[in-house]
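Order of writing sets the chain letters: A, B, C and D. Residues in each chain are counted from 1.
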Amino acid sequence: MDYSQFLAMKQEIGLLVVFLVVFLYDVFMPRKGVAADGRAYVKGTSLVAVISFAIFTAACFLCPCIYEPASAFGDMYVTTAVAATIKNILNVGVLIVLIQAMRWADSDIQVVRRGEFYQLLLITLFGMYLMMSGRHFLLFIIGLESASLPLAAMVALDKHRHESTEAAIKYILTACFSSAIFMMGLSFVYGLTGSLYFVDIASALSTQASTGLLTIAIGFVMAGIGFKLSLVPFHLWTGDVYQGAPTSVTSYLSVISKGATAFAFVVVMVQVFGQFYTAAWEWMLYALIILTITVGNLFAIRQRNMKRFLAFSSVSQAGYIMLGVIGVNEMALAALIFYVLVYIFSNLAAFGVIQAIENKTGLVDMDSYRGLCRTNPRLSFCMMLAMFSLAGIPPFAGFFSKFFIFTGALNQGSVAMYVLVLIALINTIISLYYYLLVVKAMYISPDECKVPAFKSATSERIGLVITVAGVIFLGLVSCIYDSILALCGVA
Amino acid sequence: MLFSNILIYFVVIPLLMLGGLALCRNIKQIRAVAVVGSTILTGLSVYLLVDYLGLRAAGESAPMLYCDSWTWFRDLNINLSVGVDGVSIAMLLLSSIILFTGSFASWKIEQPKAFFLWLVLLSTGVFGFFISVDLFTMFMFYEVALIPMYLLIGVWGSGNKNYSAMKLTLMLMGGSAFLMIGLIGIYYQSNAPEHTWDLLKIAEYGVNADWQNFLFVVTFVGFGVLGAMFPFHTWSPDGHASAPTAVSMLHAGVLMKLGGYGCFRVSMYLMPEAANELAWIFLILTGISVVYGAFSACVQTDLKYINAYSSVSHCGLVLFAILMLNTTAMTGAVMQMLSHGLMTALFFALIGMIYGRTHTRDIREMGGLMRIMPYLSVCYVIAGMASLGLPGLSGFVAEMTIFVGSFQEADTFHRVFTIVACCSIVITAVYILRVVGKLLFGPVQDEHHRQLTDATWWERLSTATLIVCVAAIGCFPNFFANLIKFTFDGAIFRAIGLN
Amino acid sequence: MNFEFEWNSIMFLIPSLFMFCCGVYGFLTRRNMIAILISLELMLNAVDMNFVVFNRFLYPGQLDGMFFTLFAIAIAAAETAIAIAIIINAFRISRDIDVKDLSKMKF
Amino acid sequence: MEATIPVLILAMPLLMFLFLGLFGKFLSPRVSGIIGTAGMGVVLLMCYYTAYVYFFSGSPEFINAEGNRLQAIICNVDWLQFTDNLIIRLGFLLDPISAMMLVVISTISFMVHLYSNGYMRDHHGVYERGFQRFYAFLALFSFSMLGLVVATNIFQMYIFWELVGASSYLLIGFYFTKPSAVAASKKAFIVTRFADLGFLIGILVLSYYTGTFNFTDMTSVPVAGMNDVYAVSAETATGVFNIFQSKAAAGFMGCSVMTWALVLIFMGGMGKSAMMPLHIWLPDAMEGPTPVSALIHAATMVVAGVYLVARLFPLFLVNAEFGGYALDVVTWVGAITAAYAAMVACTQLDIKRVLAFSTISQIAFMMVSLGVSREEFHNLGYMASMFHLFTHAMFKALLFLGAGALIHAVGSNDYTDMHGLRKHMPITHITFLIGCLSIAGIIPFSGFFSKDEILSSCFGNSIFAYVWMSAVAALTAFYMFRLYFLIFWWKEHKVHEGHHAPKDQPWTMTLPLIILAVVATLCGLIPFGNYVTWDGHPYDFMAHFNWTIAGISLAVAVIAILVAARMYKTENPLPAKMRQAMPRLWDWCRNRFYFDELYMFITHKIIFDKICRPIAWFDRHIIDGTMDGLATITNKASYAIRGLQSGNTQNYVWVYLIGALALGGVTVAVIFLFC
């Protein structure tokens, strides 16, 4: 075996190094800190994790070699400039998540477990890398599972809270079920084509007529990936898990996991089923998008818990992301990547505020946000920007990403796409409604605010500054989108 | 160079104002920033007007002047393109005047800093919209102008403000949803050699004939929502009723004009063939708007509702005239936009001032205000006279231009609707005089009102400015008509034989 | 190419499908979470069987299916391990592993 | 003629309006009264000068070699350009009728300005509140009215038409704390607005087909070798007719388009001139201060409708010649209104209302006169109408100002509060009597001549018209003398004794009365036909004077006066008996044939209750309800599907499974069924 082919996986190796640094530091450093309940812990784990990950992220950005296309393991693993970019984007997101999570991870309850949090998180990220770069369903499954199973543990991290455990159980059970269905679908695909390589499956499919079994198999595969993306009707875990999980985990779950899976979904659909049989999976996706956006919005309307609210908002956002998949062109792909990027920043800005408030007061209800602008004007300002960006209001980044994804989707020019985009656009009105509800609670409600004026921690502030800057500038600074589009054009 | 173009300052100055406001420490500084900024903007637009007329007099015949373009999103061909013609200049002038007067009208607002921040953000959007000739940029500014409305109404409004603010925002966003699909459709379906957002280029090459009808309808409806076209007007009464004074002024005065302007600039200008074919649908709707709004206004008892319905009627006339597709009517439409903008701003300013004193807007609870606050009452009468089309004030010239223009369309359908629209002048008189009679004349209804004071200097300044503008248009209409007309005489309409 | 099952493969596929359905049925009806996990194992094993059968009867020249099965077994084990850990934690908190009782968060 | 003075004629009142309006409150009432009166005096002189130059200078731009008077456009400025041809210009057209109107308006306006100095004060000489405003409004009205009569094009006329409406509104509602005044002003404005709608549409139709707004382009031909000088010509009007024939031959509802246009334009005139059924605002307009009634609602503004028809008379005439009905409509409306108003005037209590109905009736005379005017009778009717307009302005202003003096002295509008005032107010008595004699048509007072000409032209048209109008003339004499006797005779009033006894008013009020009385007496002797005819060609009235008709009408008038004297000179039961003899008729007349009630019914019960309210309801409940309904449906849907998220993991899995199966299954089914 030629071990040099591992060198093709530069980002994965870098990530493993970060993981090892954190792991070794956490395991072997003397436990000098003492938590409130008397248990000892290693000081500085968070800092090590964040700094090493920051170095890794920066290195990935700066090192040109990672953008070179490469493959390994007999083309089971393929990386391209686009994939590298997506990974970089996810890295930025993860970095923000880590920064935002520091305060929570360092809290008295979590401090003894925070090493596990960072390690599990890095492992799931690793799984996502594999998922995005895998060109063989075996590698894909391994990536998918290692991206989702540790997440269950992360969801359960708050182990004394009933909600956390409940969420974890719901997550693990549905995840397992979904992977079973997914693999069932795969087995049919395998039976029909005799290979698990994406390329081979595609070429095998291109020579045979469509059959019912294949369609059902595609449906199963879509359901399996749609589960991770929380597409309706595979989304039902989302609300409960987002609500129950520790907020840092929720934010990770909502942006990173979703972004990675979206990209993987594009790869699978385009590379495996894309050449042939477009009509079938596109119509399936068509239906899924409509359902996802609509149902997600309808559920989001009534939510009072901010995390649960953002869960359903993220369901509908996933629908918008899928508009980039259904477009099947480089513009749509670029729009999708850009959308994910913007979504990461916007959603993390919202979660940053939620975490800041939850860490201080333990309140996550929308009602407790009433009158927030009078006690914590800056936090509420950040939250408002995040909401506007998620709703797609200019001049914030969300507007641009939404506009581009619609532009990308309409590139096809079919009437059906116009109808789809129109439905999506009408749904933006509903989404605007519930995003404005938050703004209304913060700015318009005359009530006395339950959240007292407080000063948030430095890490939270840094996180918020980064995300808000992103929300404001990602769209206005055109070179970001232009470079993504250029990359996709090359790929 | 970005800053060598005069138009860009219409966006830069509001942005600087935003920065300045953010740094302000007390109300005096805030007022100073607002007044200085809006004065500069007004001065700038007057300068632009003069300069533009000079250029036209010198024989410039390009459809848009001061054109400039800076690449923004290269691959999508999105540019920050600016350029103006007479219509946009008229709108810029209107916006800056209303911003100026609006600043004075909100002299004593609570939480002034946040209020002015949002107000200036809103006007940034408005100015940006009027100077843009790039569909994307235009749309972006359009939405920038919409959303501050929510907070301005929600926070500073009165009455059922939560409901109204939400309804207004959602309905307008609904409009812009249609708009977005229309604009992207135009981007893809234009006959230009490469996909472009550039208005002038699209206008030059035209839009794919198969798609025009669809795109025309969605864009027209999209802008029509903001233009308060029946049956998409219901945000207007509630929204205006709840909005604070300056916001009502800016919204009715300028923002609703975005609708009319957009209808013309995008729907009609880019897709004249579809406009020609489908105008009748919207003519019916706008024709209904005109009388419907007027009739509804007749029985309202809330001052702002009356005015909001009157706006529905007047703005309906704007769209109605645009749809007539001839130079005269369209010129009239723009004059009506100017006129309605100024006079409705005046109305809302006055209503706000009266409300600030009496704390009621119900005309049944007020009366004989002429004795108590003569200045405001006289201004109200003048605004009313402008609204019902008294010669010498702006309403008359605008309406007459519209009616004469519309009557040039000789078929029965157009004739009937023109006459129906004409009827609005009677109904307008009914509701205006009803209000004037109940509110200002007659005996004093509420003895507590006798202690109230008349206008303060900033209120006087604000209203007097508007009245002077209304009278200026009313007395020297040809100046404005000539400013506007050039656009509609322009080559594009002529080329396809519609004019 | 028509997808024609050979008799032999059918002999194995029917039980695997049956197993899968049993697994699904169990998953949907059992209230004890351990039983649910067992049902899950049934489903996963059915998938494994599928892969092996397809490999063995349709594509005997390769080992893709076999390897997939091996990995799938490992994954199943990992899933179960994590699930059990969480279930144990749940039991610690509420002394109850009935899945119906875990519905505090809803709507 | 130089444009300076004509421009100043318009500019002066406008500037006075702005000056008094903006700075009036910084001036004392006395000063502003003096400024206003003096300003109007200057305007008066300028108008006289202009009229003098027009009629008597003999300049070739005003009169041609054959002695025909011409139309001269003194100045004309583009105000608003619609299309290449349709341009609103503001200009100054000088022709016989506009020159005459300048005289009328400036005279009456000046008298009223002067008179108001006295009238708008109480008995202690304290000025009424808003005195400055009053003068400002008077100036505004004068400006608008002068602008109206000198209009060079129909749109300019419309502009000033609206402006006089507005100033009338402001002046009627001068006592704005009085609800009745507010209601009256509103009514006046809205009713005339409604009529103006017809006018506007008429203008639109006319201008669309003729392609011009200019009067001169529609009714006159340019005089060769002169700029902006035109001669009225039936050929041009025929040309207009032909344009209509060629462009809109079909007509509409049985009438030609031209007829429609003219009738619609006449509708505007009906509104302003208070022709039935649009007359209802005028009696109510008497809520305004009496000088205003004299100026606006008797002498000037209300004759604008007559003036409008006269202005477009060649078109009407051509239309009639080719069988159009426009002029017949004018006649019929005029005839019915004249009789109606005269009947109503016989029963009113309020002296101003009597005068108001008398005004309506007299204007209807002018309308009839225009309506019966035909080429074959040398268009005597046109001349008669203008003549009557002139004399009527004088004597009606006189009557109104006299009534004002009475009201001011007594403090009431009601004649039952007056009775027997002849000894207390001798000057008022004499001047009022002159006015009454004049309107009754007694020789040698001015009314006799003008009315006689009208009756002559009616006689020329048809015997029916002549009889009808003569009867109305008799009624006129009757009700005027009824009024006169009831005010000044009937019986001595006890209240009138003592300190507060009514007496003649200060000189500012009596002087105008005397001047107007003199004018009203003498102006009938003016050889009007030399100055004002429809085509500018002098018409020697005396050559065509019909002594029989004159004699009959004089006799009728005298008889009517005697009847009135018998009934009302002294207190007697005869009027009551008459009333009992014809109760139904009396009731209808007293209640003005229930027109107000009818309008009330239409506006409130039908327009407000059956149109406005349902629309407002529809808007709030259906349109708004739909929008709210969409929101509610969304909310309901959201609530309805919440069961999906039951919190039970197994349900989630169920949904998942069904979703996954359906995704493939439905697609398979669709492909199977449709492909």
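The rule is short, and it goes like this: a residue touches a chain if its C-beta (ideal position, glycine included) is under 8 Å from a C-beta of that chain, and two chains touch if they have at least 3 such contacts.
Here the structure is a predicted model, which is why all the values come from computation and not from measurement.
Chain pairs A-C and C-D differ in how many C-beta pairs are in contact, and the one with more is A-C.
Distance between chain centres (mean CA atoms), chain A to chain C: 27 Å. Distance between chain centres (mean CA atoms), chain C to chain D: 96 Å. Centroids built from CA atoms put chain D at 37 Å from chain B. Per-chain CA centroids place chain A at a distance of 77 Å from chain D.
Residue positions of chain A touching 2 or more other chains: 169-170, 173, 177, 239-240, 302, 433.
Residues of chain D found to touch two or more other chains are 631, 642, 645, 647, 649, 653, 657. Those residues of chain B in touch with two or more other chains are numbered 170. Contacting chain pairs in the structure are A-B, A-C, A-D, B-D, C-D.
By the touch criterion given at the top, residues 167, 170-171, 230-231, 233-235, 237-238, 292, 295-296, 298-300, 327-328, 368, 370-371, 385, 388-392, 396-397, 400-401, 403-405, 407-408, 410, 418-419, 422-423, 425-426, 429-430, 433-434, 437, 440-443, 477-478, 481-482 of chain B touch chain D in their complex. Listed in rising order, the residues of chain A touching chain B in the complex are 331, 388, 393-395, 399, 403-404, 406-407, 410-411, 413, 418, 421-422, 425-426, 428-429, 432-433, 436, 439-440, 443-444, 478, 481-482, 485-486, 489. Taken together, the chain D residues at the contact with chain C in this complex read 642, 645-650, 653-654, 657. Considering their complex, residues 137-138, 141-142, 145, 149-150, 152-153, 156, 159-160, 162-163, 165-170, 172-173, 175-177, 179-180, 183-184, 186-188, 190-192, 194-196, 207-209, 211, 213, 239-240, 243-244, 302, 308 of chain A touch chain C.
Interface residues of chain D facing chain A in the complex, by the touch rule stated above, are 631, 634-635, 637-639, 641-642, 644-645, 647, 649, 651-653, 655-668, 670-672.
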